[in-house]
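There are two complexes below, and they share chain A, which is joined by chain B in the first and by chain C in the second.
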Partner chain A sequence: MPPRASKRKSAPPNSSSVTSSDGRSVSNKAKTKGMDKIDRLFNTYANSSLGVIDPEGIEALCSDLGVDYTDVRILMLAWKLKAEKQGYFTQDEWQTGLKALGVDSLTKLKKALPELEKEVEEPSNYEDFYIYAFQYCLTEEKQKSVDIESICELLNLVLGVQFRPQVDSLVEYLKVQNDYKVINADQWINFLRFCKEISFPDLENYDATQAWPLILDNFVEWMREKQS
Partner chain B sequence: MESKTIDFERGWDHVYKGIKQLRRILEGLPEPLFTSGEYVMLYSTVYNMCARNPPHNYSQQLYDKYREVLEEYITSTLSPSLRGKRDEFLLRELVKIWVNHKVMVRWLSRFFNYLDRYFVDYRSLPALNEVGMTCFTDLVYREVQTNIKDAAIVLIGKEREGDRIDCSLLKNVLDIFVAVGMGSMERYEDDFEADMLRDTGAYYSRKASSWIEEDSCPEYMLKCEECLKKERDRVFHYLRSSSEVKLIEKVQHELLVTYIDRLLEKEHSGCRALLRDDKADDLSRMYRLYCKIPRGLDPVADIFKQHVTAEGTALVQAIGAASNAPGVQEHVLLRKIIELHCKYMAYVTDCFQNHNLFCNALKDAFKVFCNNTGTDSSSAELLATFCDDILKKGGSEKLSDEAIEETLENAVKLLAYINDRDLFAEFYRKKLARRLLFDRSANDDHERSVLSKLKQQCGEQFTSKMEGMVTDITLSRENHAAFEDYLRSNSAAHPGIDLTVTILTTGFWPSYKPCNLNLPTEMIKCVEVFKGFYETKTKHKKLTWIYSLGTCNLSGMFDQKTIELVVSTHQAAVLMLFNTSDRLSYSEIMDQLNSTHEDLVRLLHSLSCAKYKILSKQPDTKTISRSDYFEFNSKFTNKLRRIKIPLPPVDEKKKIVEDVDKDRRYAIDAAIVRVMKTRKVLGYQQLVSECVEQLSQTFKPDIKAIKKQIEDLITREFLERDEENPNTFKYLA
Partner chain C sequence: MSNQKKRNFQIEAFKHRVVVDPKYAEKTWSVLEHAIHEIYNHNASGLSFEELYRNAYNMVLHKFGEKLYSGLVTTMTAHLKEISKSIEAAQGGLFLEELNRKWNDHNKALQMIRDILMYMDRTYIPNAHKTPVHELGLNLWRDNVIHSSKIQSRLLSMLLELVHKERTGEVIDRGLMRNIIKMLMDLGSSVYQEDFEKPFLEVSAEFYMGESQKFIECCDCGDYLKKAEIRLNEEIERVTHYLDVKSEVKITNVVEKEMIASHMMRLVHMENSGLVNMLLDDKYEDLGRMYNLFRRVPNGLSTIRDVMTSHLREIGKQLVTDAEKLKDPVEFVQRLLDEKDKYDNIISQAFCNDKMFQNALNSSFEYFINLNNRSPEFISLFVDDKLRKGLKGVGEEEVEIILDKVMMLFRYLQEKDVFEKYYKQHLAKRLLSGKTVSDEAERSLIVKLKTECGYQFTSKLEGMFTDMKTSQDTMQGFYASHLELTDGPTLVVQVLTTGSWPTQPSITCNLPAEMSALCEKFRSYYLGTHTGRRLSWQTNMGTADIKATFGKGQKHELNVSTYQMCVLMLFNNADRLSYKEIEQATGIPTSDLKRCLQSMACVKGKNVLRKEPMSKDIGEEDALFVNDKFTSKFYKVKIGTVVAQKETEPEKLETRQRVEEDRKPQIEAAIVRIMKSRRVLDHNNIIAEVTKQLQSRFLANPTEIKKRIESLIERDFLERDNNDRKLYRYLA
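And now, the complex of A and B:
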């Protein structure tokens, strides 16, 4: 969706010949105008002393969007914005993200959400989003793993729609086992691979002599015992 | 010598006369042999007819005449004598005419020799000998070859059935087959050998099919051995040596290969039964028969392995089921396993000639049951206990030095079959420490001998710590002499008590819990004095005192008599409290000693509830509780003047297993890094197998443990999974 500015009768964004009264070129003005809107939207939610949108701001944004704070679409938005720190959007991230979405207002943002969902679900993006979801949870510096509780929530959020039965069993297992207190990135990525490759619930084609992470070997063993 | 041209007719006339004379000689008529003069004449005649320029060069005609003469001789004299003859008579006659033919050719060739020198080469024609051979082949051999082949094979068949035959006749006949080949073995092979082999095969196939029904395995094998020997003799006596390999292979195939399964699996006499009944001779024979056959020994080795595995497993189960006192049972188990090992090792060396297949079969079999003791203790622990029993004083063995050496040697051999070698090392080390520190070792030489055997078997690293321990004891003794000198020259420093200190180098000895026991003042003084001495020797080392390993001799002033009590330092610390107090409660003792509850209960139990009640306890129950009170038992007495109050050791088994598990995690980690550093990129399964290989000297790693370490290394960013192929790992430098 092109920014509204380009629909003006004045010169299109890439011509720079006409100068307006305040010395800026019209195209710049058009861009700035669009950018302005995005910035203004940013400032609505940003914490003025920090210069970024903080968790409170995000909560507010969510409520304005009519979306729950824990909704997966916010995670998708963070992904689109390439947000680095969980619970915060910087101005750069905001600008780049909203431009990529082609929105500059709240209503447009709200309308863009379903499309964003479809974009994420595209096979080429899905794995990227999945990995992003994990990294987004690494809040401490040098943190490499995420605790089981959060992982369970994340699994539900991210894989729940597509792989409901796998997620339910896996979450149940993660809660009862005590071998692992945290999950690392390698295990995380293999959860997705497991859902995609292994037939469920029979687990017929699972081969523990391959390089599956040990936690999945144990999970499969647990499932097979349950089934017998 | 004047040589003039000669007229063909005249020359030939002369030569032909000589030929006629030759024929008469051959017929056996009373004809004088050629004189050398006559021979020279004939030779020269031929020479004169050939060494000329044309048209007086009659080489070609003479060459043709030579052939003619031979052909005529054969057809008129030789061949007819063969007709109508059969079997052995045919063979005899053939040999006779062959001999005649050879003589004829020899003499003729001498006469016509000049042709061989130049004409034959010049025209690239076959030499005279060859011509002779060809004539025989075409005119005689081709006609009779099938019949003589058949007759020869019949003779061989008769010999196989036990008849005596004329070997030299057969040999001569076979020489003809070879000669006819003119340098190649083709005729012998195609015209005789092929059918002979076929006939042999059929013969033995028949025999085998009836023998296998009637005979037991040993009987059958004996027959095979005999047959093979006879066939070899056959080759020696008349067959060509080139036939040996094919012949033996044929016989082996019919007798041994075709029926291998039936033979080995014969119910009452087959391989299993032979093993069961210890029939060493028969098994040796079986080995000899099958070792030359490719893959022939595989099923034998397999049965051997199964048998040994079954015996071993039955042994382990039987002893597991028997309800002996623990300790005794396990000792018996190891003895029996050693016996079993010696028994079957003897089979491998004597019957099976130390063949690789059988060495490995034995190894694999032992590995199966040696790791499964069916008791609470792992086989590694049992073996260490077994060695400890032999090496300690008053051990259950009252054997000669040689017998002890032999038993220890056999015990060390068993280590090769145990997966958890590192666990054995830990247990052995712990027990060695106790033997060394409490002076329980029976014989220094045996101790050192075991260590050197272990070093040989498992490598230097395995025994380096243990050797360090033994060295420490020796050094401590020297050190003690120096300490005594020190005390003599510093009499003020003398603590008033005889003190011996053993210094242990930390890395070599098992780790001991340091304790914070409060010692009686007398002992504290000892410690200080020694520290003083030690500082004069070295300032760089730190001493950590392990009182739990010490012993103390106390004089117990009982009412009836004074008895010397040999106790541990901790026990002594408890007893000495009663020098200043008559009666102490558990908690008072606890406070004064600063011990742990676990240790204190053990100590008090050994002094008040065990065999010798040095302390009396109120209430007088069999166990220690925290509300008990203790008094010095002045009424105690014993007929001995010196008694040892044992303190049962803490069961360190769990800790040892934990320590070893930890070490294994490090070892696996290091192995994975080593492999990946070299390979850079490697598939999961290969990585696992290379790790297992690297660690195989020390222990058999659990695959899950390897997987866990791989994951750990991924988290620590040493490795990463390949994006394209999730079963491959990459080394991150």
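And now, the complex of A and C:
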């Protein structure tokens, strides 16, 4: 993701945490100072022996931010940081992420959250975020699918706001069906497409002969039976 | 009078005087006119051709052609008018005769007149663009005789009346008709058409409309068609005898339309005598007639074909869903073959081997055979029956015929892989029990299957035959190297290669000591020459021959299964054994043990064992004894064969499951093959291509194909296109 220029109008002119879009810092000294602040913030939460922010640290961060551990905004933050491992932020990820957000303190981070939300919701980012959310759950090496329970929670978290009725029905279905015990990436991405393209709850424009994954064919059949 | 000028003497040539006589033309013409009169009055013999010709010649030469011509017209017309009157005067039947006679006279006269006036015909007439004499003669006849008001309609109605008479069975003067018709034809095709043909066709249409209505009310289909055929032939004959040959197709169209096309559906669907009844009763002649008649009308053959197809499908459907008939698979398949034979005969005898009908037959069979999903199994059972006993004593050629017919049914199957599975099972049983009637017949069928389905289909089957042969050689080698064993029990081992034979769970039981020792010796012998292999005894598939002596000294040789042998051998050491003891000693699984004991204790004629209590079923508390009172007419008694039977419900389910499992990799292989060559393909096309590729083995289910695609996506063989969700891309 290309670094975005911060839209903050209230940024103090001599704050060296602002980087312009072409990456030039205001002044070298100011830059190092800004980086220091970011690093110091990092160290506040990091596990000193591991050198990364671990789940405990993240929990602490969350409570400081006044955000629930399971809040979707933390997931968004992870996305912005391009965090690779669920529950952990490395120093690099932290630095790059916070710089991209244009924040170097807790207060600024807190204020940046609503903007981050908007950023994620932009159509060009949303799909990317959505896919990221799935991959973030692949905790084991070579893991390709996520169990149904977690998927249901994830759907709620990620799509719940925008597609409440679809998510509710889908989650209900996933829990009662037993064809699939896990969901893979292909099925995951098609859930989003389904929500975006198919009219709900009438499902009028759904065509099972098209290339929808079988799990959605079965879901639609289940819905139609329920409705009749 | 010559006004001779006085000249110096001149010898004048003797010449005709140049006549500038104004009356010359008049005179000459009257000579000719007179001649024409005489000709028409049959007095031509007194005339001099040369003189008349000369006169006509002179008239033309002296520029009196016009007068000659118009004179001719006038004279001839006058004569024709008189002739007309005399014809009109004729009564009844003599009318046509008179007309005919006068026509002949006119032609003769015309001929003579034309000859006389030939010079005019050749010079004046072309120059003045007048109608030539002969043609003129015909036209005048037409206008003055044929088209005279009194004659025209009378002529037509007489002609039509004669035709009608003939149609109702009377004999008419065909020669006269021919002449009259020919006269009309000579007068010009438009005369023939307007003055005869058109009305003739109209009247005929009415006639046949009425006739067909009458027939259809009182005749059954076969009779009606006979009548229609007769009428059709009659009309064709009529044309050859006295009509213009071009009329044939027109009149036959009329008959076809009125007698066949208008009543086509009613005929075909006629109760008790329609097409379906003809098919059921093999009425070749009637069917052939229908075919020949219907092929003349539009949609005739397709109508027959459609009715035949829906009838066949109906019968076929009844056949394959009739629970009664399905009880005996061999009977069932024989019925199918009989039905096919019946229709093959109908198509060859009555329908001229018409290819479209053959196709309709094939598509109908394909339709209903696949309605019953046990068809593949039943066809295999039929083959099994034939190869076990049905073909005993049958000549080689007949065997080929029967096998070819079976192959025909096989081709109709959609689920050929299910057939393959059953065939393998049944073949295994046949081979292992040595129950095949003809090795050649077996191999012949394998070759046919190979030709039909390719090498892969039959490679495993051929492997089974190879194993049998190899085992024979192995046994020879075994006994050759173990000469000390020739006195003991004879062991025959068939070593089966796991991949080629139908998979069986390998269950062992406890063999009697003599046997197990022998088996061990074999095992070490075999593994000695084939290191790295693993042998597992399939005790549920073997047989044994044992000699037994009963209470009263009666000796018999018993042919039993391996399980049965294990049980019987126990009685060498005990007189009474409880069920539980037997179970423990032999280790045979419960349901097999019960079946085994039942066959030896509860079946009349095979009851080498006695059971207490004497109930029909084997209970776990039962006790068993040797039946000392056992008798049999035969020395060799066969107990319990391993015959291929119709599967039980759970077995059926299992086989089907296995077939479904086997299909998955085949579908995947097809998908990968297709995507590898196409690189990018959309969903619907993939489904279509895969289905086509697998068609020769089974009908692929689109949902199953979709599942396989998703599985391949998960395993990174394929991916979906980012922009167009319906496209798949091959990942190298």
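Here is the rule we go by: the second predicted complex is superposed on the first by the 201 of 228 C-alpha atoms of A that agree within 3 Å, B and C clash if a C-alpha of one lies under 4 Å from a C-alpha of the other, contacts with A are read in each partner's own complex, and residues count from 1 in each chain.
Convention: a contact is a pair of C-beta atoms (placed from the backbone, for glycine too) under 8 Å apart; a residue touches a chain by one contact, two chains touch by 3 or more.
What you see is a predicted model, and the numbers here were worked out from it, not measured in a lab.
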_After the superposition on A, what does A:Asn184 contact: first (chain B), second (chain C), both or neither?_
both
*Tell me which partner A:Arg193 touches in the superposition: chain B (first), chain C (second), both or neither.*
both
*Touch check for A:Thr90: first (chain B), second (chain C), both, or neither?*
neither
_Per the contact definition in the header, classify A:Leu214: touching chain B only (first), chain C only (second), both, or neither._
both
*May I ask you to decide whether A:Lys144 touches chain B, chain C, both, or neither, giving the answer as first, second, both or neither?*
both
_Counting contacts the way the document defines them, which residues of chain A are shared by the two interfaces, the one with chain B and the one with chain C?_
144-145, 184, 186-187, 190, 193, 209-211, 213-214, 217
*Which residues, counting only chain C, touch chain A once they are in their complex?*
682-684, 702-703, 706-707, 710, 713-714, 720, 725-728
_In the complex with chain A, residue positions of chain B that touch it_ = 684-685, 704, 707-708, 710-711, 714-715, 720-721, 726-729
_Residue ranges of chain A touching chain B (in the complex, touch as defined)_ = 144-145, 184, 186-187, 189-190, 193, 209-211, 213-214, 217
*Okay, in this complex, where on chain A does chain C touch?*
144-145, 184, 186-187, 190, 193, 209-211, 213-214, 217
